[in-house]
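Next up: the structures, one after another.
Two complexes follow with subunit A in common, the first pairing it with subunit B and the second with subunit C.
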Partner chain A sequence: MRGAALLLLLIVATPAVANTPLPSQRLANTELPDPAQEARARGLMETLRCLVCQGQSIADSDAAMAGDMRALVRQRVAAGEESGAIRSWLVSRYGDYVSYDPPLSRATWPLYLAPIALLLIGVALARVSFRRRR
Partner chain B sequence: MSNNRLLWLPLAGFLVLVVIVAVAMWRPADRTVRSALVGHPMPAVALQPIVPGKPGIEPGRFARGRPRLVNIFASWCIPCAAEAPQLLRLKAMGVPIDAIAVKDTTGAVQDFLARYGDPYDAIGSDPASAVQFALGSSGVPETFIVDGEGKIIDQHVGDIRADEVDALAARVKALP
Partner chain C sequence: MIAEAGLVALWLAAALALLQFALGALALRTGREEAMLGIRRVAVAQGLLASVAMACLIAVFAASDMSVKLVVENSHSAKPMLYKIAGAWGNHEGSMLLWVTILGLAGGAVAMLEHRLEERTLAATLGAQALIAAGFYAFLLIASNPFARLWPAPADGLGLNPLLQDPGLAFHPPTLYIGYVGLSVAFSFAVGALVTRDVGAVFAKAMRPWVLGAWIFLTLGITAGSYWAYYELGWGGWWFWDPVENASLMPWLAATALLHSVTVLATRDGLRAWTVMLAVVAFSMSMIGTFLVRSGILTSVHAFAVDPTRGAFILALLLIYIGGALALFALRVGTVRQGTTFELLSREGGLVLNNLLLTVILGIVLIGTLYPLVAAGFGVQLSIGAPFFNKAAGPIALALVIAMAAGPLIRWRRDDGQAVLAQLTYPTAAACFSGAGLVVLAGWIGLLPLLGLALSAGLAVASVLPLVGRNLRRTPMFTWGMVVAHLGIAVSLAGMACDAAFTTERLVAVRPGEPVRVGPFSVTLVGIAPVLGENWSGLEGRLIATRDDDTMVLRPQQRFFANPPTTTSETAIRTMLDGQLYTVLGAADGQGRWQLRLWWKPWVTLIWLGGALIALGGALSLIGRVARDRRAALREIWA
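So, the complex of A and B:
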């Protein structure tokens, strides 16, 4: 009985990680009136990493900071800024880490070359095994 | 003969994989997102005051010859409350501290300062996290070390612990 009462208390417990008292910005969760601009903003948001959740894009995250970043993206798209310019503004602040569309660099070339190399190995293996069967 | 040796190849590959996973488990990667602005000048930001009687942050404030800390905090952030005694000690040691209050209200900041003390020379309000993005900051609390010319020397992610205070004060005082 006492255990059950203690368990019930958990329902009304407040979470230890607090959040801001300010309401989220309008553009965090409201689409831009121009569908073309919204599509461009959406495309960019899906390739930007949420900084506090890290495994999600800002388009997918409910974190307050992701909402603010969506608002920032929509404001800049609405102001006519290029998607590439918005991405590089963020990359100049947070590094390539913030982008889900990593550039070809010294750290990332295996990502781009590995599929090609694996495909070539597969073709070679297939050729050898087909030849053997004949 | 050569075929026999090839037989061991998959096992060798598997062992390499085991070693990679074991190393990553013993020493997990550092997931902290650091600002890419370290070594660059502070962005010229203008922030409204959030508490009456205390200035906000005007552009050019950081290039006036006095190295300082810029603390990014929020009244709703619990580690920020835990960090407050360390900031008060830094202030007592003569380190100037400015603050940026993220997504906060005047009343909540006033309560926070009344409860945990007020080490700040100025507090600018950043209601939409815009300045946080401009600084490459990814959470609260964070503290930027800025030299007298307004250049960002380093970024401290997370709350400043009691055993870090002396080294931090010495670092700020050694700056031009």
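So, the complex of A and C:
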């Protein structure tokens, strides 16, 4: 149900795509003719979340909605659009939830700080184990 | 009748767990021998009763007894027998019953086999194990009764998720659970040693085989799970940084760190408090994993039931056990002496570095997994996946590989920097040459894959160096184990880097007879034919793939299951010495074309071969340790 609703939303939100359903269907499961463009599309698809799946990217999913999103990404890559622009376009429609690569922001700075903080705390703790140099 | 017998066994097991805890407390207080003897017997009986309950559940599934609610919800009489049996744990209640069964059996095994630990510490350990078991029995009996009846009984069941109808279901969950829950033994040992203030080398030597055993099963379970996802999901991926995968990776990371720190404690009586802490953390990660998967907080193929009360129950258990253990740790850590301190450049120093890096990776995975849940609590929806984990944990993992290459070459106590560097000549040369060779032959393949391949070559050379110049027949088994396990990491890393660098992918729609090139292969769809399975019907594509003079036939399928109605694609994979050809049949486009997904993945099998080597190394190590203990015990008897 949720899948159908989101699908509907997708179609309503993108009239340009809705007008041309056939090429979109084809691009869901077949590659772009230009290998460089396909590689770029693939890289992008691997970092976009399939919104109706169970923790999968749209590059790894059989769900119909993932197929539609793949077609969308390929269409825009083929039209020469920048990967970053496609991502922000999707984020503006579906929210940050759609991107597996969250941008540095007020909500995510603790996340990006954590690895460095962990490493520093770890080094500080490990120092206790070592004999003091005389 | 069988269902009721199972329920009775479960209640009795729960009662025995309480008795076991009481006897443990009595043995600690009075030190009476009857209590000690009693607690061992009760622990064994409790494990056996839990197994009886599990056996009863398997029996009702095998018989397709549709008056049992769980069978109705998760099984179907037309299912093949293997999936009826394995389906017993392919659902929430059954998998939790398997969980406590293994918990009970682990406690029973400790009671029967453990003779080295001081009696009072053993009593405290078994008491702790019983307390954990009691909580999870309560969870089953109160919130997740697997034996509940349904009246009137329906004619047939709803069936099992077809994605789970695979031989993988028979092996993956039990293996992983033995690993997960086996870590409870390390947890109970740590609690027991804290209670009796008995943290030291003897405790470490007693705990080590149990940690090793759990770790071997965890390694196998993760490796098998990864391969299962790889061929079942049909998109060529083998690791998705899915929260459920992370839930199995976190206990493994903690157990790997524990395995190394317990060696320092056993050999040099150092890292006392830290080792105890890690033992608590390792099983805590297992419980957090169970909570994440079983609470319905995540949506995943593993999350069978979405029921908030169950989530709250497991969360409460989690807080009680982890909180209790940490409180005990805080109370007693003052009495645990720091233990020996080390020189910076020593084997101990290397192992501290190992623990530091592994723990940081663990922290990153934990934070990355929980962050979206916490953010959702603040009303922010976001996703964290491969890009974050690769960026944050990737560099640290590569640093860990370098440390792993050098560590076994450094002497205990103190070593000389020049000597270590001299030992590292060959590994460094291997890394540099292979890196340079790759750039020359294959061009620029990306920084992480290049580093991965170069470092795996260096690590492979470094990992066999501890054997050089030794009499191989007199080299201890556990040294062989270390060598094989470290070599396994190198092999697995090489597979991951090759998959990232050299995979070629084709997603095409073709008419029968049109050849498609993928890597060195030419693949042609020859025909499509209907096929029929035991509980599915389907379409099978016939693909002919040729490379040079080599011709092979692959038959990927589309399967349609009626109960529940689902379509799955059945991958056809051809494994060759130098890689795998991975093919999937998609839908028809109505104009005579069929979608095909084709991948040529050079050396990808090394990923799982490496995993198997790591587990084999663990097994050699375990056999070596146990055999040495036996000999030592025999000598003591004769002396």
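List of remarks:
In this section, the second predicted complex is superposed on the first by the 106 of 134 C-alpha atoms of A that agree within 3 Å, B and C clash if a C-alpha of one lies under 4 Å from a C-alpha of the other, contacts with A are read in each partner's own complex, and residues count from 1 in each chain.
One rule holds in what follows: contacts are C-beta pairs under 8 Å (C-beta built on N, C-alpha and C of every residue); 3 or more make two chains touch, one makes a residue touch a chain.
Quick caveat, the model's predicted, so the values are computed rather than measured.
Of the two partner chains, neither subunit B nor subunit C is touched by A:124. The partner of subunit A that touches more of its residues, comparing subunit B with subunit C, is C.
Once the two complexes are laid over each other on the shared chain, residue contacts for A:60 go to subunit C alone; subunit B is not touched. In the superposition on chain A, A:68 makes contact with subunit B only, while subunit C stays out of contact range.
In the superposition on chain A, contact is made by A:95 with both subunit B and subunit C. With both structures placed on the common chain, the touch criterion links A:113 to neither subunit B nor subunit C. With both structures placed on the common chain, the touch criterion links A:104 to neither subunit B nor subunit C. In the superposition on the C-alpha atoms of chain A, the part of subunit A touched by subunit B in one complex and by subunit C in the other spans residues 25, 54, 95, 97-98. Across the complex, subunit A meets subunit B through its residues 16-22, 25, 51-52, 54, 64-65, 68-69, 71-72, 90-95, 97-98.
Within the complex formed with subunit C, the residues of subunit A that make contact are 25-26, 29-31, 42, 46-47, 49, 54-57, 59-62, 95-102, 107-108, 110-112, 114-115, 118-119, 122-123, 125-126, 128-131. Note for the complex: subunit C touches subunit A at residues 233-235, 237, 240, 242-244, 270-271, 274, 298-301, 303, 338, 341-344, 348-349, 352-353, 355-356, 359-360, 363-364, 367-368, 371, 375, 378, 380-388, 392-393, 396, 505-509, 569, 586-587, 589, 595, 597.
By the touch criterion given at the top, residues 31, 33-37, 74, 76-78, 102-105, 108, 127-130, 132-136, 138-139 of subunit B touch subunit A in their complex.
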